[in-house]
Amino acid sequence: METSVKFEDLTKEFEDVVAVDHLNLKIEKGEFFALLGPSGCGKTTTLRLIAGLEQPTEGKIFLNNEDVSSYPPKERDVAMVFQDYALYPHMTISENIGYPLKVRGVAKEDRQERIKEAAENLQIGELLDRRPSQLSGGQQQRVSVARALVHEPSVFLFDEPLSNLDARLRIEARTFLRHLQKELGITTIYVTHDQSEALALADRIAIMEAGQARQVDAAQKVYHEPADTFVANFVGSPPMNLLQCRVNMEGETPILETENNTISFTNLENRLQRLKERDELILGIRPEDMDLTLNVDQDEQLTGLVGEIYAVETLGAQVLFSVKIGNSMIRVREMSSEKVSQLAVGDDVSVEINEDRVLYYDAEDKALIN
Amino acid sequence: MISKKTAFFFLLPALVLIFIFLIFPAFWTLYYSLTDYSLLGASTEFIGVQNFINLFTSARFWNATILSFEFVFFSAIIGQAGVGLLLAMLFHRKSGWLKKLVRNLAVASWLIPAVVVAYAWAAFLDKEYGLLNQIIGIFGFTGIDWLNEVPMGSIIIFNIWRGAAFSMLLFTSALKTIPPSHFETADVVGASLWDKIKDIVLPQLKTFIGSDLALITLWTFNLFTPFLLTGGGPGRQTEILPIYTYFKAFKYMEFGLGAAISAVILFINLTLALVYLNYLKAE
Amino acid sequence: METSVKFEDLTKEFEDVVAVDHLNLKIEKGEFFALLGPSGCGKTTTLRLIAGLEQPTEGKIFLNNEDVSSYPPKERDVAMVFQDYALYPHMTISENIGYPLKVRGVAKEDRQERIKEAAENLQIGELLDRRPSQLSGGQQQRVSVARALVHEPSVFLFDEPLSNLDARLRIEARTFLRHLQKELGITTIYVTHDQSEALALADRIAIMEAGQARQVDAAQKVYHEPADTFVANFVGSPPMNLLQCRVNMEGETPILETENNTISFTNLENRLQRLKERDELILGIRPEDMDLTLNVDQDEQLTGLVGEIYAVETLGAQVLFSVKIGNSMIRVREMSSEKVSQLAVGDDVSVEINEDRVLYYDAEDKALIN
Amino acid sequence: MISKKTAFFFLLPALVLIFIFLIFPAFWTLYYSLTDYSLLGASTEFIGVQNFINLFTSARFWNATILSFEFVFFSAIIGQAGVGLLLAMLFHRKSGWLKKLVRNLAVASWLIPAVVVAYAWAAFLDKEYGLLNQIIGIFGFTGIDWLNEVPMGSIIIFNIWRGAAFSMLLFTSALKTIPPSHFETADVVGASLWDKIKDIVLPQLKTFIGSDLALITLWTFNLFTPFLLTGGGPGRQTEILPIYTYFKAFKYMEFGLGAAISAVILFINLTLALVYLNYLKAE
């Protein structure tokens, strides 16, 4: 596939902070690509480097195979949508959308036509004579996308464009953006700190921390196989449970000892190799891959993970249990049901793990063990 | 934070004072402007609009009025607001020692009493010993007696210097109210500096520019300190309205006429204030 | 059960707006009660009326069966936690927590002891000598709860206390609050615009709009049986699908006609009565109560809801499909699976509905038909 | 917004001007303060610290200095800042016509030229025709020649009136920086008005109070307009430092001595500014 954007050792330093640290990435033509990470991870700086609003300290940026590292913004053929929409309050919607064309000296009739086309694409054709202050947040957001669209850039840059919308509108705008991007097929780079937004929108996601990409993969893969514990802990709501444990070999059978429990898995063959040679591991288990059972008989000697329910929270059709096991807290998500509704705070429970879904991370470098 | 009753209890005397000190003097001035009250005359009599007739037929009054408007236009509107806006834009979103230095120097200009400034200026512009003429002398030119030969120019430059800092600081804050994304959007689409000024800065700072012009116009119109520099002279070349009032009302004790001039100044100021307010409301 | 807070016809008007409109509510002792609604619905005003920060225009407020409508805040025995935490920046954490005691003239030694106790309850015992600016958002939030706790109020008032935290911290703080409230057993009234927060935290929820309560029920009930379409559309993420349709009786068999489809349900007996006498209905179906099937043969005459996939979004372990059916958009949530991953934008699909979960709303007054 | 090169190109002349107009006058003043430069004398000679010795042994200089400090303390610190803070707190989180009226009147006080205000005050306080004495007369008291008998009091009240509006507006904005939840938290726990002032307002407004005091102290210290009201008299009862400088430097053309007084004023102002800056930094 054709490459649309490429970084080679892209680095940006601000006084004493390295915001982007030797980043190497390729983004395909037509791809919806998300830069995801906590604040200060360098994702916005990366976007601004692509736009030319910042100059790289080191490294190169290629757009459509051309080295644009030293080009000013206007020569890069990109369009940017800002978090605050950046609409000019004294211009009408039509003037706002047409501004990039006006600056580039497009003739008035031609301009009018392209404004109309962009506005219809965004379903805001009837708002053209209003001013930004007369529009709702969702409509303003669409106007800012229309303005980016109108000069037919080869790359779209989005800087947290949905974060000023309320929860309901955000979901609607998300669906709309996802649909629009697939329809137009314009390469899109999307910065967000919201993992659910990145999962929902992007074809591929780069999860960033401290200026580096921890994982670059498709949304499903990022969710189901986080490359390290940072990603595992950042993606998912609530995030993956991470359990520190020691490996104890009883002959050929590995036993995992956690703080005050032992776990042994039945289906051993495929795990044996990766468990055998290590002393310490971190288990990663998503909350939906576990199940709770009430311990009726308190005297019985229990195996597996046992603990006490710390809190019960309703999540719509599901219920989230926080279970205190020694000093760690495990979160278990269950579909609400007759059985589940009987579990209450303070109950002693066993946690069953869906063995096939367990991931193993190295206790040293925190990376996924394959 | 405070109950309505307590607030009223504290406010009543404040209101009475404001009434006495602000509203009453205005009426008092208007009343006296219709009399021949003077420390030179024996008794005070009501003489109708005679003071105003005298005023409006006096060449000296018209001279003062025209000078005042000249002074305001060149030193406040063109000078302070223009220089202030230019400096604010130069430093917008920049940082570094240069910005700090200029800002500190601007604020520092307020530390110095007008009297001292006027004094330093008088020394600076002095014909024989002044620094300016000595510099000019180095280049082989003959010095000029600045305060006597270009007196209006001297007090205009003096007032620009005194006031540009205010406009600069006001516009610096004002520019911060424009989100950076507005400039960056313009950068990405390739707008020039002039595009940005025309399409972003001027339309979005209209209110600030209006307020700034209103304030500095009024301040400059009412400024008495040029008196320190030129005493209204030479001749009457720098006798702006406040200095003219001073001569009439304080120096020669023609209180009735002084009241009439005061009334005219009040009227001009109110008109200016209303024009600006109207402009600001239209936004 | 004992009543802790009661409103009788509580009304608050601001100039030309009726913020709270003849509200009647009873909150039990020890209950975690949420006021949920969009901004401007009157929920915060209601909270401020309880605190005594606003005076009601009409109606009465009872705390522990005493009419406190005319009492100043300090005589109401409530404690309030604000969205911005309202910590005094120049005081240490210890002084902040102890401030209510100091104002009430509690002796210094006694004060120290109670500050320590509250701080330990909130697990911030080691922060007592710091200043608010040295604390993270989550720690500040705990300090503000500790300050509310320290004067042992009979009612806790929370005004969106989690909305200044980032997504990850919010989930942790939510679990902690839920646990703490159950442990202390203090009646808690919690204002939020975030439906997931209200569902997770509260025993009961009042969903407010325009100063009135549209539904007052347990979290599970609010989710599974919204009392009207406003609640149905406000609770759940994404919200319930609402489908307008006409009822056509074919003899004794009701047929539902939507814009361009017909639906007939097999299990008719229990529905007959409520469908029979109406012309128009609104069907309410949660996204998880539907299923998609790919229409392989395009020529076949299909019954049920058929449409085209408009967008596909990953939601962690699930996938959200937006399906365009005529002019309406239906959202369907599926567990990710082999079958589901084959569905793509533009595919023609049939939507199957889990009949037992369908709710019926009156097209006129938008209320649930029981 | 502007490239570094362009900025430098514009800034160079600005910097040169600032240097000439601000830095140089200060050194110039210091230099002249060591000479006997005067329009009366024949030639200018270097006389070392003689001017300063003359100054520090002059009773008139000490009188002016003490009067200046009195004037600043009572009219600026107690008067303007105190009245301003009180008014700001009274109106905090209130709305209504009273607040609007007071604010508009406060701003309106800036519309009026100092000359006119001084004039109205002179009329108001006049012994025979002044309104104040006429009011007093109604109650059967004998009028006082205010400007002659309590001249310092008169110019102090005059300056409070001119400046309280500024402090009030500054503190009004300052109070808005305290989140309402801080006051409401205090309300819920039952804090009294005094608790709120002591525990919330004063600690959180320290910086604003410091800045306000710094500004109004310097302004008042440098104020020349009381001259309009009393001309420094009667006797030397209101001859504050700026008026003293005026007499020496402008009226009697003793430029060397004038430069020495200017240098002393500059020194006092710098000291005051540094004290305030230090206090603000400590926050």
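A, B, C and D are the chain letters, set down in written order, and residue numbers restart from 1 in every chain.
Throughout what follows, a residue touches a chain if its C-beta (ideal position, glycine included) is under 8 Å from a C-beta of that chain, and two chains touch if they have at least 3 such contacts.
Keep in mind the model is a prediction, meaning the values are calculated, not measured.
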| item | value |
| --- | --- |
| Shortest contact path, chain B to chain C, counted in steps | 2 |
| Between chain B and chain A, distance of the C-alpha-averaged centres to the nearest whole Å | 57 |
| Distance from the mean Cα position of chain D to that of chain B, given in whole angstrom | 18 |
| Chain centre separation in whole Å, for chain D relative to chain A (CA means) | 58 |
| Category of the chain touch graph - line, ring, star, complete, other | ring |
| Set of all touching chain pairs, with the criterion as stated earlier | A-B, A-C, B-D, C-D |
| List of chain A residues in touch with chain B within their complex | 51-53, 72-75, 78-80, 82-86, 88-91, 99-100, 103-104, 147, 151 |
| Chain C - residues contacting chain A, complex | 38-39, 166-168, 171, 174-176, 178-179, 182, 193-196, 199-201, 219-220, 223, 234-239, 286, 288, 310-317, 320, 322, 329, 336, 341, 345 |
| Chain B to chain D touching residues, read off their complex | 1-2, 7, 10-11, 14-15, 18, 21-22, 24-26, 28-29, 32, 37, 44, 86-87, 89-94, 98, 102, 105, 108-124, 129, 131, 161, 183, 193, 196, 215, 218-219, 221-225, 228, 241-242, 245-246, 249-250, 255, 258-259, 262, 265-266, 269-270, 273 |
| Chain B residues within the chain A interface of the complex | 179, 181-182, 184-191, 195, 199-200, 203-204 |
